[in-house]
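Each structure below is given as structure tokens.
Same chain, two partners: chain A is paired with chain B first, then with chain C.
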Partner chain A sequence: MRSDTEIRAELRTFVRRHAGQVAVTDDMPLFTLRVLRSVHLPELIILLERLRGAPIDVEQLRMGDFDGIDAMMASFGGRP
Partner chain B sequence: MSALATALAQVSETADRLSRLSARAHQNPYTLVDWPSAVDPDRDWYGTPEYVSLHGTPVWEGLDDTARRRVAFHEAAGFFSLNIHGEKALIQGLAARLYRSDLAGSAGYLHHFLDEENKHSVYFGGFCTRYARVHRSRQAPFGTDRPRDVDDLLFFAKTLIFEEIVDHYNRVQARDVRLHPLARFINDNHHREEARHLVFGRRLVTALWQAGQWDARTVAEIRDDLGRFVTATWRGYYHPDVYADAGLDDPWELAETAWSAPAQRAHRRRVSADCLRFLATAGVLTEEPADAF
Partner chain C sequence: MNTITDLTGLGLRWDPSGQAGLTGPLLALADGCDRAFRRLANRWRCREEAYPATLPASALRGHLRSFPHQVTFATALDSADANLAAFTDGPVLDRDGAVALTRTAPVTAVLTPAACYHVYHARQGEQLPAATYVTTRNTCFRREPRYEPLRRQWTFAMREIVCLGTAEESVSFLADARAVVDRFTLLIDLPLDWTPATDPFFRPERHPGHLLQRIQPVKHEATYGGSLALGSVNLHHDHFGSAYGIARDGAPATTACLAFGVERWLYALVDRHGTEPGGWPDLLAAAGQAAAR
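Right after this comes the complex of A and B.
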């Protein structure tokens, strides 16, 4: 089980890898600004599940859950 | 006229021929299989061992034959579950295009396509619900705001990628005499049915790509989306819930380890080769998908 700090660091690495030249901040709405797109979600969900060591129910998700690193931490950070 | 309507008109002879073949091969999935009352995952192979996602990893080397059969059984349920979720998305996409105002003249083959995908899920679901479970999907069901022509191309191109990879597994496992007859039947039946869909998919994606008139930025985004889809599709084959059901420890880390194993990367590249060659020849993809191998 990773700490919130570790999870956040891994998310930043993932987002930076896909963001091209865009300078990413934690509060940036990544999907609204199309820094990430829906095609990135399966890999993002797999990463989040591995980091927190618990499954994510995709049937309960809203796009807002992923719209930024802060938003992802609020939705999926810490213990499930 | 939409790009899809243009493309469907161009492949209408193929669609008519496939419709006749579908009508001839029409089957009843509720009577065709004599489901055993129980299965023995520790005794019989339900998946080809060389196609288990742990094959070629140190974990696989450390398992005895009984444990390997157990993993292969749960992975068969995982593979059938992938098919269920893939076909669910396909059924939704086909239904959304059935009798769309610009496609009304092309409903004939779409009806067969839709009907056959539903029947395939009866087989896959029949196995999973009787002997294992339907594993969850990690494909989030969010819509997009892309132009319709782009959505149409991505829908049929993603369908093709998904079905080509699945079909490779079906072909291998249908012929594998080590497998339990039920597993061979499900794989063989799906392969025979999908052969028509793959012919249709290749013709339609080629025609759609040629009919689309997109600027360079859109083309780059389409290529990026399809490349990411190849990666995401393959990721689904490394399912932590499957490993957990097989009694293996630390399933999320195991999924990551298996994904990164050199033998598995080579396996994914080999299985994807035909499909990627087709997409490259058609001009749809110009590079190997990032991160897939």
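Right after this comes the complex of A and C.
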């Protein structure tokens, strides 16, 4: 399991890879703004599972869990 | 709760294969519902469009991958004379009533799974100079593990109001559509709750569409009695705009729809207002009032 700092850095890398020319901030609602799309979700979940060292039960996902890097950290981050 | 006896007395002719025939008061109520939905559609000056019973399978690749368990295909026998003769010389039906098929023609058509698909397919490659609002109705086909009269059927009537536009136009349409439905159902005393919902994707755990519906408010159902979805509002983002090459304002169009399942409205209206047609609300008047600007 990585630290929250490491997880955040990996998430930023993932988002930048898919964001094209869009300048991404940690509070940007990535799916609402279509920076990320549904096709990115499976890969993103697998990445988060690997980084946090624990599975994510997709049936427990809630609205807003992926609204931005900050939201992902709040929902799936582990430790400081 | 409606009983099958009540509904049959009102004109339901239920086929256990999951199909409902309507006669008498229920047929009149179904017509009244559809007229009311079209009146609601007037709010957006929708053009009415009518489409066939099937769509080309080639236009539904994504749907076929996402909902293979629900799809009904249109099949036919290979038209070679010898093949047809083999069919007619055979039992035609087996002991269980299944057709004793000989060689079939290639399957290239899907019976309509959702009325609005035709609207996107018909606009393949178009550039839309303005937001476009369409209403259409079709008989839709969805296989289910079990069926229940007027509540869950293999074939059912779906009336839809569709917006094709920019993201802002489609999001604005959906907010307006919800408000109109709220006004309409208040006027006819049919209490509904809007709840976030997901479509029944095949193997949903890792399906992008299912995952998106869990984290984004792209689908809301208007439920009666806690569980019966009478309709839904759906934001498709640019899914259909990209798939069918429909452009609006220099980008793939964003689409959204308001869908009504007609038979379910019959169930809810009878459940709420009773089996005496004289006690049923004036749907058209209420729709006119709800749709007024």
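Everything that follows uses one rule, which is that the second predicted complex is superposed on the first by the 77 of 80 C-alpha atoms of A that agree within 3 Å, B and C clash if a C-alpha of one lies under 4 Å from a C-alpha of the other, contacts with A are read in each partner's own complex, and residues count from 1 in each chain.
Rule of thumb we're sticking to: a residue touches a chain if its C-beta (ideal position, glycine included) is under 8 Å from a C-beta of that chain, and two chains touch if they have at least 3 such contacts.
This is a predicted model, so every value here is computed, not measured.
S.K.: Quick check on the chain A-based superposition: chain B and chain C, clash or fit?
M.R.: clash
S.K.: If we overlay the two complexes on their shared chain A, which of chain B and chain C does A:Thr32 touch? Say first, second, both or neither.
M.R.: Second partner only.
S.K.: Between chain B (first) and chain C (second), which does A:Ile45 come into contact with in this model arrangement: first, second, both, or neither?
M.R.: both
S.K.: Between chain B (first) and chain C (second), which, if any, makes contact with A:Gly53: first, second, both or neither?
M.R.: A:Gly53 contacts chain B only, not chain C.
S.K.: Is A:Gly64 contacted by the first partner chain B, the second partner chain C, both or neither?
M.R.: After superposition on chain A, A:Gly64 lies in contact with chain C alone.
S.K.: Thinking only about the overlay and not a real complex, which stretch of chain C clashes with chain B: 207-215, 261-269 or 279-287?
M.R.: 207-215
S.K.: Let me check the overlay on chain A: which residues of chain A are in contact with chain B and also with chain C?
M.R.: Overlap of chain B and chain C footprints on chain A: residues 37-42, 45, 58-59, 61, 63.
S.K.: Tell me, which parts of chain A touch chain C in their complex?
M.R.: On the chain A side, the touching residues are 31-32, 34, 37-42, 45, 58-59, 61-67.
S.K.: Residue numbers of chain A touching chain B in their complex, please.
M.R.: Within the complex, chain A contacts chain B at residues 37-43, 45-46, 49-50, 53, 55-59, 61, 63.
S.K.: Provide the residue numbers of chain B that touch chain A in the complex, in ascending order.
M.R.: For this pair, the touching residues of chain B are 136-142, 144, 224-225, 228-229, 231-232, 235-236, 240-241, 252-253, 255-256, 291.
S.K.: Enumerate the contact residues on chain C facing chain A in the complex.
M.R.: On the chain C side, the touching residues are 167, 196, 204-206, 208-212, 214-217, 237-238.
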